[in-house]
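Presented below are the structures under discussion, each in the form of structure tokens.
Each of the next two complexes has subunit A plus one other chain: subunit B in the first, subunit C in the second.
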Partner chain A sequence: MIRPKILQFDDGDGRSAGWLLLLLILYSLPLDTIAKEPISKDLPAAAVLNPAAELWRDVRQRDQPTTGSTQVRGVDSGVLINAYGDQWRKFRMQQLIPVGGYALMGIVIALAVFYLMRGKVPIEGSESDKKLPRYSTYERMIHWFMASIFLFLAITGLILLFGRPVLIPMLGKEAFSILASACKEGHNLIGPLFLFALILVFSQFVRRNIYQKGDLNWLLKGGGIVGKKHVSSNFFNMGEKTMFWMLVFVGAVIVISGLVLVFPLFGQGREWMELAHVGHAIGALLMIGVIIGHIYIGTIGMQGAIEGMKTGYCDLNWAKEHHDLWAGRAEERGEALSNEEVAQLTHNHPLPSSLGVRTQEAGK
Partner chain B sequence: MARMKFYCDPERCIECNACVTACKNENEVPWGVNRRRVVTINDGEEGERSLSVACMHCSDAPCATVCPVDCFYTTQDGVVLHDKDICIGCGYCFYACPFGAPQFPEDGAFATRGKMDKCTFCAGGPEADNSSDEQRKYGSNRLAEGKLPLCAEMCSTKALLAGDADTIADIYRKRIINRSASVMARGVSYRDASFRAPYSAAGKSSAKE
Partner chain C sequence: MIGQFIDGPLWTFSLTVFLIGVVWRIAAILMAGKRPDLATPKGSAGAGALRAVFSRFLPERTVTTQGRLPLIAGYLFHLGLFALLFFAQPHIDFIAEKITGLSWPAMPHWAFIVAAEFAFAGLILLWLHRILHPVTRLLSDLDDHIGAVLVFLVMLTGCLALAQAFEPLRLIHLLSAELLLIYFPFSKLMHAFTFVMSRSYTGATMGRKGVNA
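Showing the complex of A and B:
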């Protein structure tokens, strides 16, 4: 049916018909034979199947991004094909969700195994009748401010990330959509506050988190995880300092990428947002893993560890075992208070500001 | 079953934007949302080509894969649709889509992204065909009336084709064959051939030299 129609275009001298015949013969050959045969200059038809092929190859962005112009106003509206979207899809579906999910489960299982083996780390000298002021009211306030924001963002973020494989089979699409919608709106609205909390926590705790002599020793001894001996440390030990700096740097990545994602109003294109999403997801999962460990130590992992952040005062023996350098100096300065005094202070009066100031300077 | 596809012929598209306008009017899309756009490559230069682009209704749609709430579905006609009652407006489909089809009205937290809107192949949504709910959320459902998408029906040069993939491919194949034969009849090499007459062609150009 097609052949006669083509032959209408024969210009009479038979040249075109000859070309056409050759073309038909070439088409009838297996493709790999054509590829192997050196193509003669007289037959450009087989070499370039479509004159616009190279243009569309550029549009597909195999070599470089090609953008056009369009009447539709918008970021990237002139881009016909964004090839990076496919890479982002592969990252999210094949790496982020499965690897991230198993990694988080692995952390929880590892901590459970560790707890079963080691149990709760006790205060060896048992609780003393004296306490040291450890955190001022303001410090506890900003810690729990950040903690509640972090927990909220972590939970809403995890629901959005793992909801489809985990929660939709349980809740169904309609119910999960309501939950996910609330999570998305909440995550977007509360998210920018994390920057505020990060700045407050950074400026309050940075001086005590500068690495010192002895921190390397703490690292070499594994922070006392291996073996039963406590490792000497200052107000914060090397692990806590590392967590602080991770929070600062990884937290900064999370905040910046989060702002890029939550305000798609400043001309950032899809490629920037895909990149931001990758950084946001990896950083957030990393920090969630670290904070799971932090929460483990604060709750079931160690006796007395949470007291300082809860009441402002920590047990003297706990301080001597875990933060001996700081505890020694604080005791010398006569900061230790009896349990009765502490009870009076915590129940009736706020922490005297003089004590608060001294606590802050203690890291020096 | 039919498998609905769009095909835009860059050798025919004249960048008149009638498809964009027809779509906007037929589907009453929100302000700032354009389900279809015409992109011109090499605008004003030799080898200029225009293409009308919207949702391509992919057989293995990346948007559906990455959606965190699983709101996409493919109809029996092969049209990729989404449920706006499920969509949360996260924007992930927009990151994954190679064609930039998903659009977002200004809504939600900080008025940045509301529920996603995209080309429905004039096939509405999950609601009852041509119900007022469907009309409000997704626009027209011409497919249910036995009509093709308005953008393609309106196209004056028939550059934009819509319909069953087999039919469209057949039309396009015939066009290609005719063009190839035409090029050869003019006695120029296929590589150098332009299907459009050069500006200097006598009697064809409106530009006075």
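Showing the complex of A and C:
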């Protein structure tokens, strides 16, 4: 029998040609189509059971949170994997950090734009030659105490929240780990002082921050921001009062959630801590945004706004323009002092005899 | 390199300056003597001195009504700092290793937290009172502010290094403590040692005159 030479693979000359033909045939076959051909629907898929699947489903506790039994005594000791932890992690990384970061940047940009449009709000009648006593030394002490604690906690908290995406590229991982450790320890140790400051501020200022007649009018007229007409206000205007109550209520959320996070003494598990972290971070970001606005008005936003907290006395014209209801009453009571008298009081120069005990330090 | 310097020569130097400076200041006060009082004593100088040393811990009634917060802040700060300095575990370990070789029981962690809160709250409030109250602001000089800032820095860096996991944080805390030790003898911080002498001197003088002061 004579076979074609090309099929004689064992033939020295024809071997390569035979391989070539085979390759051509294979190449011409619609292998990709075969590969993509779905398994016939008529044929039932072979049920391959992973013997570990059920075990891991129980371990991950996705279907229903269950607690195992263990010899170890402690909160969450019967939980191998906290299923909500992944949700919390994703929320923190994918929503809280980017949204919170953009929101804070947005506030700063909005204030910058507002400043460029409106500039520093001046005292329209220019500075007066008289002043009104506005805050006592005690009130200024507790205000600045709260301010210093808040700023420290805000800075350390922001470093902990945004450090990974913002600071690691600048500092490197090693330097950031040192900074983060310092911030964490500082934040945790100083944090409880915020509660102390909150109690002091609340007890001292609550009476003047109760909403009263005229406050709603201030709000309806946008606090005088829109347009150039000043709106009547009491000792504190509606915006300041709202900030006070935000500080009290949001501050309470921040304090309680912070205590839950720092002191695991109340039997709280990981889920409570994740919830506390979310509340703590959202509340803190909210208050930081509000305080940025507060600092803006006190520093570059408005002439004379910070004077009361610095010296205890505010300009009479400023008071009439921004807190006219209170200024009118204070003036009627004869509380207005000349600038010279205030200079003597604040620098402890010898008092004119006419002043008597009309000093702020004597309890006004 | 810097770490070795802070841990070694600078520590030795600062401790030496502190010890010699404190002894020198106390010796200078004791050697200054006192003017002879030729009047007939109307009371016991010793009893007056003893009474003044302890009675001054309780403030005058006018002080308690006019300046309650600085008073409370003062106690919070001094008691908190004392507890932190001598009864915090890391400090006991450090003193035992570097100075005395002796150790004593540390306060529990919860007490450490409470002491730290007291000390921080007290110091911040006292410093705010110093700069905001017109009288204390006028009475204060640069020395007061440097002393307050240095003590605050030592406390803050200690607080930041609490994890005891990073050498740079420990070194920063130690460096700030060394700066404080060097500054201490030349400042009003010496009142930590001299308050007994000043109180007893006043008390003895008044006691001899029969004045209950």
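FYI, the second predicted complex is superposed on the first by the 285 of 364 C-alpha atoms of A that agree within 3 Å, B and C clash if a C-alpha of one lies under 4 Å from a C-alpha of the other, contacts with A are read in each partner's own complex, and residues count from 1 in each chain.
FYI, a contact is a pair of C-beta atoms (placed from the backbone, for glycine too) under 8 Å apart; a residue touches a chain by one contact, two chains touch by 3 or more.
Fair warning: this is a prediction, and the values are worked out from it, not measured in the lab.
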Which of subunit B and subunit C A:R92 touches, first, second, both or neither: first
Touched partner set for A:M273, first subunit B, second subunit C, both or neither: first
Which of subunit B and subunit C A:F196 touches, first, second, both or neither: second
Larger contact residue set on subunit A - subunit B or subunit C: B
Which superposed partner A:K184 touches (first subunit B, second subunit C, both, neither): both
Partner chain in contact with A:A83 - subunit B first, subunit C second, else both or neither: first
First (subunit B), second (subunit C), both or neither touched by A:G172: neither
Subunit B versus subunit C as contact partner of A:R140, first or second or both or neither: second
Which superposed partner A:L345 touches (first subunit B, second subunit C, both, neither): second
First, second, both or neither for A:G74, with subunit B first and subunit C second: first
Residues of subunit A contacting subunit B in one complex and subunit C in the other: 177, 181, 184-185, 189
Subunit A - residues contacting subunit C, complex: 137-138, 140-141, 144-145, 148-149, 177-178, 181-186, 189-190, 192-193, 196, 345-348, 361
Partner subunit A, residues of subunit C touching it in the complex: 69, 113, 116-117, 120-121, 124-125, 128-129, 132-135, 137-138, 156, 159-163, 165-166, 168-169
Interfacial residue positions of subunit A with respect to subunit B in the complex: 2, 5-6, 8-11, 15-16, 19-20, 23, 44-45, 47-48, 50-52, 55, 59, 66, 68-72, 74, 76-83, 85-86, 88-89, 92-93, 160-161, 163-164, 168, 173-174, 176-177, 180-181, 184-185, 188-189, 261-265, 270, 273-274, 277
Residues of subunit B that touch subunit A when the two form their complex: 10-11, 17, 20, 34, 37-43, 47, 49-51, 53, 62, 65-71, 83, 85-92, 94-100, 108-110, 112-113, 174, 176-178, 180-182, 184-185, 187, 189-195
